[in-house]
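Below you'll find the structure, written out as structure tokens, and then a few comments.
The chains carry the letters A, B, C and D, assigned in the order they are written, with residues numbered from 1 in each.
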Amino acid sequence: MIKKVLVANRGEIAIRVMRSCREMGITSVAVFSEADRAAMHVRYADEAYFIGPSPSSESYLVVDKIIDAAKQSGVDAIHPGYGFLSENADFAERCKKEGIIFIGPSSYAIKTMGDKLTARKTMVNAGVPVVPGSDLVTDEKDAVKKAKEIGLPVMVKASAGGGGKGMRLVNKEKDLVSSIRAAKSEAKASFGDDTIYIEKYIESPHHIEFQILGDHHGNVIHLFERECSVQRRHQKVVEETPSPLMNPEIREEMGNFAVAAAKAVNYSGAGTIEFIVDDKLNYYFLEMNTRLQVEHPITERVVGVDLVKEQINIANGFELELKQDELHQYGHAIECRIYAEDPEENFMPSPGVIRHITEPLGLGVRHDGYVYEGYEIPIHYDPMISKLVVWAKTRQEAIARMKRALYAYKITGVKTSIPFLERIMETPDFVKGKYNTHFIEKNSDFLMFPKKHDKKIEDVAIIAAYIDYLDSLEDLQASVCAGNGKNNWKNCQRRLSFNRL
Amino acid sequence: MIKKVLVANRGEIAIRVMRSCREMGITSVAVFSEADRAAMHVRYADEAYFIGPSPSSESYLVVDKIIDAAKQSGVDAIHPGYGFLSENADFAERCKKEGIIFIGPSSYAIKTMGDKLTARKTMVNAGVPVVPGSDLVTDEKDAVKKAKEIGLPVMVKASAGGGGKGMRLVNKEKDLVSSIRAAKSEAKASFGDDTIYIEKYIESPHHIEFQILGDHHGNVIHLFERECSVQRRHQKVVEETPSPLMNPEIREEMGNFAVAAAKAVNYSGAGTIEFIVDDKLNYYFLEMNTRLQVEHPITERVVGVDLVKEQINIANGFELELKQDELHQYGHAIECRIYAEDPEENFMPSPGVIRHITEPLGLGVRHDGYVYEGYEIPIHYDPMISKLVVWAKTRQEAIARMKRALYAYKITGVKTSIPFLERIMETPDFVKGKYNTHFIEKNSDFLMFPKKHDKKIEDVAIIAAYIDYLDSLEDLQASVCAGNGKNNWKNCQRRLSFNRL
Amino acid sequence: MSTEIKINDRTALVEILSREGNKVRISIDGKQYDADVVMVEKGVYSILLDNRSHNIELIHTENKNYKLNTYSKSYDIEIIDAETKYLKSRRRDDSQEEAVISSPMPGKVVKILVKVGDQVKAGDTVVIVSAMKMESEYKVKKDRIIKDIKVKEGDTIKANQPLVIIE
Amino acid sequence: MSTEIKINDRTALVEILSREGNKVRISIDGKQYDADVVMVEKGVYSILLDNRSHNIELIHTENKNYKLNTYSKSYDIEIIDAETKYLKSRRRDDSQEEAVISSPMPGKVVKILVKVGDQVKAGDTVVIVSAMKMESEYKVKKDRIIKDIKVKEGDTIKANQPLVIIE
């Protein structure tokens, strides 16, 4: 039985894991870098171990330091959270060698799913649909033949490619030959290798993923889908479940494939099968994330499970108590990721000191964060401050609730993505549930359109600033202790002493 | 359609109502007394109207002032919250006369249910079980006969009684005559009237209430029960749903009676039928609360509804969309009421300034509060600071979650009932779900037993205080601006200016 | 140099042995601790001691007095430095000081049941204070004479403010 | 006496007409307002104006400058009082001041691509700063000469701190 867990992470996910530990009566151990001495995960944990300088490459990513802290603290298990070492097969293997339970899948599963080509082959063997594509080809005629087999539109990609070079989208058969030639010659020029491959081009792609859980006894279940198509620079911004695109038949099909995918690598623990889905609900395996996802709370809310507790129970060797046919999606949940970034300045990161924070509360709102007033968000790590999760009976009500929660969520001191998220909630395509991964690009004008100018609000702002200015001027004058009378000096001291309280 | 609502209340319930208004696109109007200018409900509302001095008898309870504010602001409706004017039939009637929708039942329903004797008679006529009792009797033999009919144990009560005088509990038949005599003579001596009545004494009483909703079209549904037996001085402290005492058959019976009770007064809006229930699951109508209850969130969580939205929809004249046979209880919810009071000093109220607050967050936690850092809890109103509501799949998990949430909930500046609530969550009777309204009395030793002395924690406390002392001493010395050099003076100013930030 | 620190009923002898940044070596009643002490928020300290994470919230009440919460308990702490000792030594040991009736909770004076010069008996209620819908009665413990009344009915009072002076 | 207040690009003429407690009568560009202004938390104001409830959060950034959030928008505000005016008038109107390359975000200097004396062309990247896993390149807008380099690779920098001086 796991009685003590080291959480090899920081920020909101470290605290989220520790919360479940506390509910299970498990002692939690934090690790922290120099920048994180005052971080909330250190304050929340039962114990805390220092593991080195601020850059994660010298602390959170150093296997030896984590293992040292685990041994010093005498934990039974390590929870890796997401990011950092969570999908590091060597780390999982090392834990095993050291006799520490790694709360996650086997290093074999991590490794197999971590390599795209191996993962694709494994899925093909397991009968899971993958994006149709060719093997590598050099011959032009072969390429044309393959492209026709796959069916247009296709992407022609240079095998050695990257950065869009040697890549061609082909919509019409008449362009096929010329595009293949162009791709090959560009690839040759850029990479000195004209090997190419051909992949089906997915129009209007949706990113839909399935949460799965597997135990050590061969049981695997899925906990339905999450729609994650609202992305900026391949970074998820808003997630929801159920997906507005989904229907019960496709959900069951995809869920079954997700289970098959996990079984193909004897998966144990929590994991996610990502699919790319087109508007006609054709779906293809994209990749597997062999860890807890940032967006796991929306599944927790709609299905009614605590995924971290499930992870720990699985790591304990327990059989899954959840049965597939007893699971249901109930209502609708949306997650917004709150980043410390300035939407008005091209999403420039905005680290700094939190001067004031009001967290949104009330019915149907879950808030997983880690910052507090006076906390300085360090420059070294991810800019995510918190995750705002709402639930409601319907999608429409969930959107209204998210707007209400975002309205009440106030942070000063750093810029945040809150105004941008509010705008997403008002975007007609989002409101209608008609969106794909091109959503932010397609709606950028609406999303970036400044709110209408209100002169009265401007005047209210002036009033606040001016009154604050006058009052601090007065305070200052009252406090300036030029100090020629004893009485005055005493007053000064008293005021200083009072200010400190 | 209601587009603008005045919330005739303060504190957490005012904000809770406004949250739902905001989600429905309804403009919310706050009213506030002198003490409440800086209160959160004023900050949260779209508009705010001053209604007089701090004592509620001169502000929140003054019908004319509320009506004035409603007319000035041009609202369509008034939501009374709980307490204050929420069960005032005259206020409901006045709203009607003024053409303002009262979000609550008719004044007839309020009046009928507000008078205990009328309510009892109405329930008897509706076939709802009430606590067996006699009419008023003066004759001793009549009294004995009635008592035997009702069945022992019984309470003999003086009709004019109060404060326990002229009241006798009779367990054995042989004591019946002497007790009746004693009660009569005590009643005569105390009140000059020896009229008595006899009521069945409910041993091990449980306080279980049913949430109901009725619309203007004659539809009434119930949303299952809440167990409210953890009480101190007849004040609820902890509530949960489902009740650990309940079974599906009794639940259905009681639910049907709750619906019948509401129908008997043509009830519209949200209301609560309170029952007294003994260990053998005999249940009797106690009273009806013709308003939203403090503890409504546990029903919202387990049934998945927003009761304030339902209230507003009903007030709009809409038909209930919820159907009895589609409603289910899902999982388990517990509410703890956080009071500003000192459990170690006989629960003495503890108004004052909130110096620091950390609110509990995360999976399955809802927190409805209204205080913030720097806010001064006024002496004029109820000491309730907030309501902590948790949900989990099982009762056991919900208790663990509540403990986790209470652990993380920190308030300094005022004393709170948090340590007492933590103790309740650990009390074996509560953990087993074996408790009735005598719970706190019965377990007072356990509840008040001080936590064990830990010298190391004491030393940690000393370290914190001493370091704080040394650092503020240093600050003070650096800031004392005896002021003989220009440089020094400048430093002083800069420090003061910095302190203000 | 050691300082006396009073924590609830105990008086501890405390000495800082060394301090560098947030690393503090401190001796308390002869026991030596190496603690990592950081004020993370105003009045909130995070202390790591033997890798245990402690959270302490404190309020500086007056002079050198603190009210302090740990997870499990609340403490009253007083720093008895040289100045405090000096002041304490000067304070006359006068147990016959005039007695003051006050309310530990802030609130409103609902009723004053005495007037100056009244002779009251042990257990008599002198003043009633109300806060948050709850009334508290303040009584005398011995037979006394009312010397002075500092408030009137309807007054809003602070905690521990003198209400009635008796002798 | 009126004071000029700059809000984003607008300059408003502001005068307090009367003030009693939190009731303020104020004129802004000739329009008169009766506002109820309360600082409810540090840096957070509640303002009632014609019974509308406004919440304003502000940070005093430097001197008489504020950063300010309302629900719908953020503002930069500067109070231009007599002192500020005096200082501004004294400031030489020197458009040939030395140019400074700085980063509006705090972070870490990842790479410096120039050395003192280098001639750089318009659009050349001079320094790369990273924060929160994101790198930003800072370039010169015109052909320039590198006059001074104030930081070195690996340095942690504050927002708007001078990194490279060009002329």
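Some observations on this one:
Here, a contact is a pair of C-beta atoms (placed from the backbone, for glycine too) under 8 Å apart; a residue touches a chain by one contact, two chains touch by 3 or more.
These numbers come from a predicted model, not from an experiment.
Greatest centre-to-centre distance from chain C is found for A, with centres as Cα means.
Between A-C and B-C, more C-beta contact pairs are found at B-C. Work out the mean CA point of chain A and of chain B, and you get 39 Å between them. Centre-to-centre, using mean CA coordinates, chain A is 48 Å away from chain C. Chain centres here are Cα means. That of chain A falls 32 Å from that of chain D. Residues of chain D in contact with two or more other chains: 41-42, 55, 59-60.
Touching two or more other chains at once are residues 44, 372-373, 407, 472, 500 of chain A. Of all possible chain pairs, those that touch are A-B, A-C, A-D, B-C, B-D.
Contact residues on chain A toward chain C in their complex (touch as defined above): 30, 37-38, 42-49, 72-73, 372-375, 500-501. Those residues of chain C that touch chain A in the shared complex are 22, 36, 38, 40-42, 46, 48, 51-53, 55, 59-60.
Chain A makes touch with chain D in their complex at residues 340-341, 344-345, 348-352, 355-356, 379-383, 407, 410, 412-413, 450-451, 454, 456-472. The residues of chain D lying in touch with chain A in their complex are 3, 5, 7, 10, 12, 14, 16, 24, 26, 28, 31, 33, 35, 37, 39, 41-45, 47, 49, 54-60, 64, 66-75, 77, 79, 104-108, 130-134, 136, 156, 159.
Contact residues of chain B toward chain A in the complex are 15-16, 19-20, 22-25, 44, 297, 300, 304-306, 330-331, 358-359, 361-369, 372-373, 392-393, 397, 400-401, 403-404, 407-408, 472, 475-476, 479-484, 489, 492-493, 496-497, 499-500.
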